[in-house]
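Just so it is clear, A, B, C and D label the chains in written order, and each chain counts residues from 1 on its own.
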Amino acid sequence: MLLNLMKNLLRSLGVLLVTTFAGFALMFGNATGIASSVLGIGATPESVQAKVVELGLDRPLLVQYWDWLTSAVTGDLGRSFYTGQQVSEALSQRVPVTLSVIIPALALTALISVLLGVAAAVRGGGIDRFVQFFSVGGTAIPNFIIAIALVFAFAIHWRIFPATGYVAFGDDPWQWVLSITLPMLALLVGAVAGGAQQFRTAMLDTLGSDYVRTLRARGMKEQPIIFQHVLRNAAAPGLTVVSLTMLSLLGGAVFIEQVFALPGMGRLATDAAKISDVPMVMGTVMVTVVIVLVINFVADLLIQTLNPKARMR
Amino acid sequence: MTSATDNRTTDGRAVRFAVLRKLVKNPIAAVALVWFAGVLFIAAFAPLLATGGPNLTDLGAANLPPFSDGHFLGGDAAGRDILDRLIWGSRSTVMAILIVTVVSVAAGVTTGLIAGFYRGRFETIANFLVDVVMSLPGIVLLIALYALTGPNLPVAMAVFGLLIAPTYYRLVRSIVVSVRNELYVDAARVVGLSDLRIVGRHVLWAVRAPIIIQSSFTMAAGIGIEAGMSFLGLGDPTSSSWGIMLQQSFTSIYNNPVAILWPSLVISLTVLFLILLGNALSDVLQSSARSKVMPRRKRRAAVAEAQAAITGSPVDAEPAELSSSDDVLLSIRALRVGYPRSDGGITEVVHGADLDIRRGEIHGLVGESGSGKSQMAFSTLGILPKEAIILGGSVLLDGHDLLTDSKRQREARGTRIGYVPQEPMSNLDPSFTIGRQLVKGLRAARPMSKAAAHAKLVGLLERVGIRDAERVMSLYPHEISGGMAQRVLICGAIASDPDIIVADEPTTALDVTIQAEVLEILRGLSEERGLAMILVTHNLGVVADLCDTVSVMKDGLIVEKADVDALFESPREAYTQNLLASSRSVELMEIEQ
Amino acid sequence: MNEPILQVRDLVVRFPGKRGSHTEVIHGISFDLHAGETLSLVGESGSGKTTIGRAILGLAPVSGGSVTFRGETISNVSRAQRRRIATDIQVVFQDPYTSLNPSMTVESILVEPLAATGVQGGRERVRELLDAVGLPADAGTRYPREFSGGQRQRIAIARALALDPAVIICDEPTSALDVTTQATVLELFKELQERTGVAYLFISHDLGVVNSISDRIAVLYQGNIVELGEAHQVATAPRHGYTHRLQMAAPVADPKKQRARRTERLRALAEVADAAS
Amino acid sequence: MRLMNGRRLTGIVAASATAAIALAACSGTSTDGPSSSAAGSDQPGDVAKDSLVLAMSQDIEGFDPRVQPGYQNWPADAVWDKLVRCDSTANLTPGIAESWEILPDNMGITAHLREGLTFSDGSVLDAEDIKANYEYWGAPESARSADYADLTYDIPDPLTITLTWPEPQVLINTLTCDIPITSADYLASGDFLDEPLGSGPYVIDMAKTTVGSEYVFTKRDDYYDADNYPYANLTVKVLDNEAAMVSALKTGQVAGGLVTDQSRAEAEASGLEIKDFQGQTVRILLTDHNGDVYPAIGDVRVRQAMNMVFDKQAIADSIYLGNAEPTAQYFRKGTDAYIDGLEDPYPMDIEKAKALMAEAGYADGFDIELPSLDGHLAHIMPYVIQQLGEINIRATEKVLSGANAIEDLLSGTYPVILFELGNLGDSTFQIYVEDYPDGWWNVSHQPDEYVDSRYEQLATASPEEGKVLEQEINQYTIDNAWQVPLVFKGTHFAYDADLVSVPTDSDIEALAPKLRDFK
């Protein structure tokens, strides 16, 4: 199992290297464009050239990537081309915002998906049809449309939640809760829709398995069968769903942060990518990939503890 | 494995029309199909359908409300007709989803095919790359691409296609991996087909249906991402795609709020219908193998109808009295079981069978596949599949009908009636140790302390021939052999001291030497404990070895009942005779010492 | 007897395991198959009987030893050479449900081997084949799922016969069938052999089935042949202890005889146990 | 000493490539001009107030003093003081310097600094700090190095500094004003990118600030002009999404912020006060007077014909929702160049336009590309393209995006540019930017003897002479149809009157209030 973990870690490291290099290569090659855009209107070709050198954009791709990588290892992600802000500083402000929307959303998605999935699979009938209906509808409507509708209803019409902005937990916990509620809801609808459906399938598969029949035949009551045996065996596919949900939440955050003007990672990435702010984009790419890898790793670990067969391998 | 079942139900030229017919029968799918076809039609004939070009402006029409004269859905902030723009926009949208679909299918399916078919190094590398792509923040990449290429919808959609290609890769690879081990692929190899022809003839066919289903979801995602990119201001503002319309109307949301409704609606509806279409397709193409559970109301109606139909039927008319009722432990009377068909009707698989088991009697229930013998066994325990419908009859334990009294039936399970299943491995929960699941099962039936349960089970495991019982208790199911697993299951069935055991082909999955041992154990237990047993089997040798009495089933009916010696010596029914003859023709009747 | 048609010499099969290790499942076995005879390989699960068949067909790796057909080595040869042998060695698999591609009509299933080797005039041949295995002539236009298990196995046999092979490897061809069907399919095998002179390498776990069809029987135990001999002798008067155990364990559909056999089996086991202690 | 009124080249600092609006305003300045420095302490809004929350519709670009947009940049106003400032009509007003003299022949400036000024870190501000900052602007990597690299400095005492250029500077005021001053030591330390340091009215609270989203400041009570900044705390939020801006305003999350034409009515209807600015002229620039890129554009008749195909009143009413005003001139009303009472010489007349095209030999028209940035002209572009089509000019929109967008836009590749471009409080500067060959909006950079000679004369002309020269230039460019002016359009600052009032406006760009305007 330890060997397995090490292999997983190595693999993740490889993924991280390839993804960051891919990101780097994608943005590489527009040195004067970047420099003149940094300088703005009225810059002379001489000052543009000086800026190119100052930003280090005149060096070969591999050298630039190597420099970025070696500094990144020491925690120095460089400074934004445009604002001169430390990338690590920007990330330390932005990542918590995104996470404080995504993590509760993920937790609630998991919880609600399991509840709905179990109810739909076990009870069937009306609740099952509701889950089916909800999952189709929830995945069909783009999350930013849901977000806009939420703003109209809960922020402008009823004024229950703030329409925009983010309050740090440390500043005012209650305001924090209020500020993340609508963004989280907007993300939740789509995620739960997908999650509940998948969990329902996993539950149905497990419910139909031979050993469940045997457990029933042995006189076990339905409840312990479902909550101890079926849930546990449906958990492995469920966890895979959760880690995929995390990915889609991270993607969805880009739109949601736009609507709610949240100072999160998604907006940082969007803004930086639009103007080829290479260090900033690289920072956000790296953090996103790390988050995804960590989630996958944890999900893997959980699957391995839950599933004795996987533990053996 | 799933692909095998899928395969069986999917294709064929004849089926192709059937698919369409089934789709159209499903009202939701029909609407979805019509909508999607409509979008394609509108995209194709946009120049004929629109009253003007996509950018024809009439400043007088700026922000006109819907249903105005000449502007059915009103005008946008630039004075363009919204309906016309929606019509023209369908072209960009259709192009976008086509590109996404074509690119992702081309990339994902080819790599998936190669990786799945040849495995090896290519698969390792492809898997790694798929991991990379799947952990990439796709939207950020698309934005970075925008910085590089500007608003270039085809390129952005092609890249998005590459980003979601892993979905196809994984789907195709897993199917191909299972298909390449299918016997028909082996057969094609032996016959001398080249790899290319094998892939083209056998493998591609197997992945076709899943690809079609997945593609409807891909198209839905394509529309979503086009709208999303446009919403972020990364679309091509010169186009009239629905996403651009949404974004442009969003900027004047306060001035002309209703204008945002139309693109939102067409986007959401198109996505919705594509998803519904995908679901319907997967229902039609993949899940016809699993039958649907009938709604409760329909079930009741079916049962009532079935009961009305049988009044006076000869099978039911005079219940055969086989024995005096006082020593009968369990009796099945006029049992009828059915399954719903896809056309809404019911197929009856057990047509009113009777059976009596006395204390200590081992009763063989013999028949060929599809004779309904397992359905009988499951009925006694109330563990028929969810979709099965009991159309009539009763299962009497000590004179009480278990079918009408579900509480009593639950109580009887485990405590009065034990169950030994056919497939030993799949009947143990893979997540729990042998010990834990045995203890749990025992304590569920008979309340006792964990330690007492443990001690009792260890004793029983030793009784069924497991030497290292304490150690086996701590193992997981995948760590023991099939023979051992079957002993564990027998142990689980008898631990709570039931009066009767229902054994469903308990030795079929075992090797013949193990079978002999298991039969020995069953006989021993029956003798020691006075256990009655219903032994469901197709093997007459097993019956001859173990049973006291036999019932022969054919097509859901019991055709002959007798003591074992009588039956084997002088079978009455032609069917029984045939069965016996066939069986004996391949047995080692004589053994020289 | 004249020269054997198929010779297996010191066959070793290893499957690659994790991290370069190998699991050896066949430990060097040898046997001959003569033209027109039926040689059976009998053994329990894990004995390697199926693997031997697959190794001969080129579906499992031959890690040691050789397989020769009419004196020509056919183990570890190229796909092209393999294709040539396809006309000579064919197979019938255990599971008639998964060995036929459900998407193809019976006719196209039967034409496939002909097309692969470039034989013309498929239609006529298909009718002949269907007739030979006792299926109606109109079966060609239908799909496998429209047939019962026994009929499907007939289709699989027809496919094996399509190229007029000299050897058919029958890998548990009846174990998935009901007992009545099994008997008729076995009859078909015998009848075809009489008519065409094809040799069978018949693989089964059931000593009884094997006894009813074989000329000779080889008993496999954990990757080794423990006994090889004339069928009647191996089945009824085995020399090896394992064959005897196998024989004793098979129940017989006659309560009286079965009671006697059981007693004999328990006695033999007790003897072994005594000897061990 | 007041020399060369309104002659300046102001600090045009980097415009954000992300925000098209910034570009729209980028013929403006980063001027921070208190129009009423005399505004007394007896003003009613003067009572110390607790806090003010404003919303910027676009972010600033970090804390590099060299890269500060002029447009609604309240954070810069809050943190930094300037040596001298330009007011809304481009006169110099006191800042760090209490008084100053312009050197003869506009060669430079001698400034006398206030005594006892400190930066927010407590260090004393002296002439060396001024020098360090101007040098920083002249560094090679600076967008403005051409303007400041050749400066020489003379510091006779710590409170006096003379800046001297090697040649006379026509636009001396704008060159000297509005450079944010940070401490020389801090500039040398390199930390200035992480946290701004200045001698301005507020100090930033980095702990509460989230760069890119929310900037928080607290007032420095020892600031010499503290009375003009009544709020003890200042928060500036970034709301770069229109819907977010409006909902934040409506729900009282912010006291004020800019809204677009599209949302103005909604903001007003929900009880907010609106202060309208009219700092932009929507026009088509036709800089290729010689026809280098498009030969047809080189023909004055074609340019005139292009002027005759637009219904300006309909544009103002329908596209700008009545928040715009048709115009025949691109200069702001009331500026020196603006000709009062000028009738539109090119009223809409498509037949006449067609005749002109035919006369020029372009009856069948020609093809042009109209560049746009990230599609922010989506509302008007379709109409413009359609109307040009009336005289067979086949225009296609070319969307520019990414890092190269601005470079491409100003490269001269696209000499016909439709833009909502700023009109300046100082028309001289606008002449420089749009009509003089060096001006960056004169993207074809083609010399014109008539305009160039008059522009150069402006350097030595009296204010009255200057006005005549500028109006001559205006008339000349109208006659030659160098542009197609469409409408004056505005920005709208919406605010909650209970929380803040905006009695003055001192923005030379006339786009948004300056920090000093909030009372």
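The working rule: a residue touches a chain if its C-beta (ideal position, glycine included) is under 8 Å from a C-beta of that chain, and two chains touch if they have at least 3 such contacts.
Computed from a predicted model, the values in this text were never measured in an experiment.
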Legend entry - Nearest-to-centre chain - CA centroid comparison: A
Legend entry - Pair joined by more contacting C-beta pairs (A-B or B-D): A-B
Inset, instruction - Compute the distance, rounded to whole Å, between the mean C-alpha positions of chain C and chain D. - result: 90
Inset, instruction - Go ahead and note the Å separation of the Cα centroids belonging to chain A and chain C. - result: 55
Inset, instruction - With chain centres taken as the means of their Cα atoms, state the distance from chain A to chain B in Å. - result: 31
Legend entry - Separation of chain B from chain D, taking each centre as the mean of its C-alpha atoms, in whole Å: 67
Legend entry - Multi-partner residues of chain C (each touching 2 or more other chains): none
Inset, instruction - For chain B, jot down the residues that touch at least 2 other chains. - result: 146-148, 250, 253
Inset, instruction - Could you list the positions in chain A whose residues touch two or more of the other chains? - result: 30, 148, 258, 274-276
Inset, instruction - Please give all chain pairs that are in touch with each other. - result: A-B, A-D, B-C, B-D
Inset, instruction - Would you tell me which residues of chain B are touching chain C in their complex? - result: 4, 7-12, 14, 182-184, 186-195, 197, 201-202, 205-206, 368-369, 482, 511-513, 515-516, 519-520, 538-545, 564-565, 568, 578-593
Inset, instruction - Going by the contact rule at the top, pick out the chain D residues touching chain B in the complex. - result: 242-243, 246, 260, 262-263, 265-267, 311, 314-315, 317-319, 321, 372, 374-375, 378-383, 385-386, 396-397, 399-403
Legend entry - Partner chain B, residues of chain C touching it in the complex: 44-45, 54, 57-59, 79, 82-84, 86-87, 89-91, 93-95, 97-105, 112-113, 116-117, 143, 145, 149, 156, 159, 162-163, 178-183, 186, 205-209, 211-212, 235-237, 245-258, 261-262, 264-266
Inset, instruction - Would you tell me which residues of chain D are touching chain A in their complex? - result: 12-18, 23, 26, 59-64, 67, 140-146, 193-194, 208, 210-214, 237-241, 243-244, 247-248, 250-251, 253, 401-407, 410, 440
Legend entry - Partner chain D, residues of chain B touching it in the complex: 55-57, 59-60, 62-63, 77-80, 146-151, 233, 235-238, 248, 250-256
